[in-house]
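One chain, chain A, links the two complexes that follow: it is found with chain B in the first and with chain C in the second.
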Partner chain A sequence: MPEVETSNATDVVIKVEHLKKYFPVRRGTFARAKQFLHAVDDLNFEVKKGEVIALVGESGCGKTTTGKTLLRLYEPTDGKITFLNRDVTCIHSAQDRKWLHSKSQMIFQDPFESLNPRKTIFDIVSEPMNVQNEGNLKQREKKVMDILNRVGISPPDTFLWRYPHELSGGQRQRVAIARALVMNPEFVVADEPTSMLDVSIRTQVMTLMMELIHEMHMTFIYITHDLAVARYMADYISVMYLGKMVEYGKTEEIIQNPLHPYTKALISAVPVPDPEFKRKSIQIKGGIGKAIDPPKRCRFYERCPFAKDICAKEEPMLIDVGEGHKVACFLYSKN
Partner chain B sequence: MKSKENTKEVFESPLKIRMKLAWRAFKENWKIFSESKIGVLGLWIVITFAIAGFVVYPILASTVWKPTLSGMTSYDPVTGYDFTTMNNPTPPSWHHLLGTDPLGRDVLAQLLYSTPREFALGILAALITVFIGTVIGTVSAYYGGVVDTFFMRLADLVLLFPFIPFLIVLSGMIQIDLLRLALIIGLISGFGGITIVLRSQAMVVKVKPFIESAKVSGASNPYIIVNHIIPNVMPLSFLYMMFNVTGAIFSEAVLSFFGLLNIRMSWGLMIYTADTAGYIVGGNIGHYWWLWLPPGAAITLLCGAFYFIGRGLDEVVNPRLRRR
Partner chain C sequence: MRPVLEVKNLKMYYNTRAGIVKAADDISFTLAQGESMGLVGESGCGKTSVSMSIMRLLAENANIVNGNIYFKGKDIVKLNDEEINKIRWAGIAMIFQAAMNSLNPVYKVGDQIIEAILAHEPNVTFEESRARVAELYKLVGLDPKRMDNYPHEYSGGMKQRAIIAMSLSCNPDIIIADEPTTALDVIVQDMILKEMAKIQKKLNMSMIYISHDIAVIAEVAEKIAIMYAGKIVELSDAVTVFKKPAHPYTVGLMSSFPSIHGEKKKLVTIPGEPPNLLNAPDHCRFAPRCPFATKECWEKMPLYEEISPNHFVACFHPQNLRKQVSKDA
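The block that comes next holds the complex of A and B.
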């Protein structure tokens, strides 16, 4: 099913070129920031209509920052974001902003915090329509009921006038998904939507999202630290390390044939249910490095078991090693 | 099918549902409030004063205290005089339940006449304070930067400001009546401590993901402040309103005790009258107790009552304070 749709729709929904997001690190009270935290550093990718891309990486590697920058919750430091063939890097007019936000949405990690505790479910779900001035009250009500039904909150009318604290975690995340999808967005960023949920509910919510993605032909960026989730959800996986994309490719290709040492380590860390199975695992040293003004070299240099001399001198570029599988590592660069 | 029928029923009056929800929330909060004895006590005192001022006084004024045809006795709180008494002030008697003041006016009539005015002053001043405090606090928390710095330094300034001396100076320049006093108290204290408190609360709300969620939906900054931040700091501002009523009534009492206000009658003014006539000096203070005790007790009780209500509301707003 998904393969057919992805191959049919080839137009690019969002294209990111050299995206950078630096956060100033405050030193003194009066001094200007001299150091910058390179949360996202030179990111290039594009997402075609109907595709699901998983951004994978350990915490602090800039996954969420990427997602939020794409939706303009953060101003990008540098780079260009093209959304539906329109440059949205610098949005000044309120009209353009409204247009962007009517087409793109975000599902947040924590369903306990992402719903305003003082609003009813109806208020929460209908807020995007309210903000965008879409439809009258009756139409909004109808739409809210429809979408709540679709995300599995049924019967919706018994939930409409409840408050978030009266719902369970899974129900809340469903409401958050309903809220994100009520405007039929083209593009959705899901920021670890299942990580705060109970394991038993996680699969249900993931299945629900898969169904909705395919029903509504949405483009998805799925941010997660869990490779198993990424494998289940995504068509493509992009592995990030300290603000850089280190590997990108089709999901199965990445899982079966990881090239970058970091990806290899990540995959070897996933537990295997078969106790007899022995996988050659890769041990990496130390913890995640500092992203504050990193030196010009491979960011994985200190932890990499295969580090060469060149890795300490230059930054590797993301190169294509065949069939859209890209990797940023000198081990695979042809000299 | 059944759910569809329900749907129609539900959507016939969303307003009614909202009323119901508000009522339910009110009942829940009332339950918590009523568990705090001090809050209920405060509420009862306030209700008693309200009945006395808004119901009992008009009734008495139109029946028992009606000016007699002979003009011998008048219970008017400002111009009244009782020609049947020999010398003023007279101690409490059946004709004058709380005696008369040095000018021969009935103390109980003055007391009751002043009550609605104290209410109006306290509540108006507190409303203005809370309105300004909420708006300024949330705006400066949300936008930060220069706006934030400006209003916070202004708040520091207001906190250090000698409030009563300022009002004394001001009263020399303009005529301060009750409405003006409420405006001045409301304006000045609105930029003071309440702004800091509500700003810090708004800072907590500002970083919640539901704010980002609203931003992603395209909500403008004013929309977020009005629809998300203010409803979440509202309970706290309501609580501070109660404390501010106390402050306003107290300031009024102080100023009219100094005789600086241009008002017909108030509790502070009653003590002022007794004081300037020399009845609250030295040994007189115990002898002429009815001149200062009723207004003094009224000020203390009403201020205390609003404070107690605030304490009771505190338990509703701050779940940590509740006794489990």
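The block that comes next holds the complex of A and C.
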């Protein structure tokens, strides 16, 4: 297994080694789990300060599980997560947990469900400060107003005592972003933050997030199924398929020069907003399955138009094919 | 070509306790035999209301207050319930939004399609309809053996294919597809769109695609209508709408969509939010968000006019915009 090369340790925000997350599949209410869904299987990567990485893949590929495991909303099955040079794989004390969540935050997909309908906007946005015991009421109010102003909820004082149902979808997602950013986190995971929003609002929220990322020097993991959005938002793209990272590289490199057959198919299937552009799409067979106790072979084997004998026998490793472009496919291995 | 469907000055309003919601306000378009049209707009712009008016599947508080919908020369608006029932499904079929969840979970998928056939064609025997469903399954790329499975045994893409088979079951002249691929993954979406376009060509049907995604519409539609706040603001063939847009909203919509093809460009955002259609104002509804709005736009409603052959726009200053865009480029 090729280890992740260790770079300057100070600017690595989060580093993941052999991360695994399995979910037990129970066949009956009291039955012991005999099978496991390999939602995330052996991920290795690191994110440096200020980088934006997009996790891309179809539904069920494990991208949300990865995001939640990184923030320790899920307990990892195996592997090691190092966050700001501290091992956070096992959290033993409430203090450690508090520290972790003061530095890392998550923005969820659906702003209609992620905001508590019984709480006011002030309660929602100030809750992280409440948890962290930060400041008195005056200071909290000022901070909430500042961050609301920054995310484009203005004038903020007219929104403080409103409830989520009084806000539009775009405004709600802005509030959700404000809640995530009020503690000045170093690291944010955004899970499809714009997929529930309207077209014209979506661009507004995307532009806002780009500005905030640069302004606050945040490290960002952006989870999306939309490659066009990933291209716009991210510096690096990581393509996932059934719990495995199949390709990783600089955004333009992945878009212009995809190597893995799955990435090629995925990119060729994205519709292009130009009626004169004739897209050549690569046909792959079937649909995405479930990685329940998968056999030891390439997970894309059944659907791959270029599958070779070796693909059925061994699992391909993620190897570097030059300039940080990594791909897990036997078509590109030297031997 | 004689149009199969002609919508003329359609006004469909909802009466609510808070006031009148003008969901479809003065909508006019035609659809020729074998033509595919895209209806694009954000949620709440009235695109589904238009399609529901065409099917006459209206909520209790919804009224068609004005206008005509001619289907093969017959005015749908004036038909009684029995007559409209004959047109539904056999004349105009619809693929509903979130169609994947519209299958009944306790009946076999094949039986649900057979039920639709038998309801409209009482002379057909059960065996004949079963044979027809098998044919339809082959047409949409499903294995006819799967007829006797229940919906939960299908994947999302397969359910969508079954729904398409169901919409084709009575040989309709028009299919209205309301967000047919929104809940699907890209690769499956691509397959379904290809399949639908192929079937449409093969059977020479007319299609109306409804979507918020201009990229999807660009792939499948020959003619595009852009809707904003209950109005069609621009209508023309696909290439004209994409290459020579004349309405500021169309331009905004195009430039706010990230694309995977070509140069990575900066996205332009449309400021503000779509208006509430409750007691909508009498002036141009895009004026509050429009960078080119003048005094005129805040006073009157622009007319829906043909600015060049087959290019309809509802804007006071389509030419100004043209100049502005060419200057920027």
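FYI, the second predicted complex is superposed on the first by the 317 of 335 C-alpha atoms of A that agree within 3 Å, B and C clash if a C-alpha of one lies under 4 Å from a C-alpha of the other, contacts with A are read in each partner's own complex, and residues count from 1 in each chain.
Everything that follows uses one rule, which is that a contact is a pair of C-beta atoms (placed from the backbone, for glycine too) under 8 Å apart; a residue touches a chain by one contact, two chains touch by 3 or more.
These figures come from a predicted structure and were not determined experimentally.
Undergrad: Quick check on the chain A-based superposition: chain B and chain C, clash or fit?
TA: Fit.
Undergrad: Which partner does A:Gly322 contact after superposing on A: first (chain B), second (chain C), both, neither?
TA: Neither chain B nor chain C is touched by A:Gly322.
Undergrad: Applying the document's definition of touch, where does A:Asp157 land relative to chain B and chain C: first, second, both, or neither?
TA: After superposition on chain A, A:Asp157 lies in contact with chain B alone.
Undergrad: Would you please give the vertex angle at the Cα centre of chain A, with arms pointing to the Cα centres of chain B and chain C, as a multiple of 10°?
TA: Placing chain A at the corner, the angle measures out to 80 degrees.
Undergrad: With the two structures laid over each other on chain A, which partner does A:Glu113 touch: chain B (first), chain C (second), both, or neither?
TA: In the superposition, A:Glu113 touches chain B alone.
Undergrad: By the touch definition at the top of the document, which applies to A:Met145: first (chain B), second (chain C), both, or neither?
TA: First partner only.
Undergrad: Please provide the least distance in Å between a C-alpha atom of chain B and a C-alpha atom of chain C in the combined superposition.
TA: In this superposition, no C-alpha atom of chain B lies closer than 10 Å to one of chain C.
Undergrad: Using the superposition on A, tell me which residues of chain A are in contact with chain B and, in the other complex, with chain C.
TA: On chain A, no residue contacts both chain B in one structure and chain C in the other.
Undergrad: Under the definition above, what is the set of chain C residues touching chain A in their complex?
TA: 42-43, 155-157, 185-191, 193-194, 212-216, 218-219, 221, 238-239, 242-243, 252-254, 256-262, 264, 267-271, 273-274
Undergrad: Contact residues on chain A for chain C in the complex?
TA: 58-59, 168, 170, 198-204, 206-207, 225-229, 231-232, 252, 255, 265-277, 279, 281, 283-284, 287-288
Undergrad: Looking at the complex, which residues from chain B come into contact with chain A?
TA: Contacts found on chain B: 3, 6-7, 10-11, 14, 17, 21, 208-210, 212-220, 223, 228, 231-232.
Undergrad: Could you pull out which chain A residues touch chain B in their complex?
TA: 68, 71, 73, 94, 97-98, 100-102, 104-106, 108-110, 113-120, 127-128, 131-132, 137-138, 141, 145, 154-158, 160-161, 176, 179, 183
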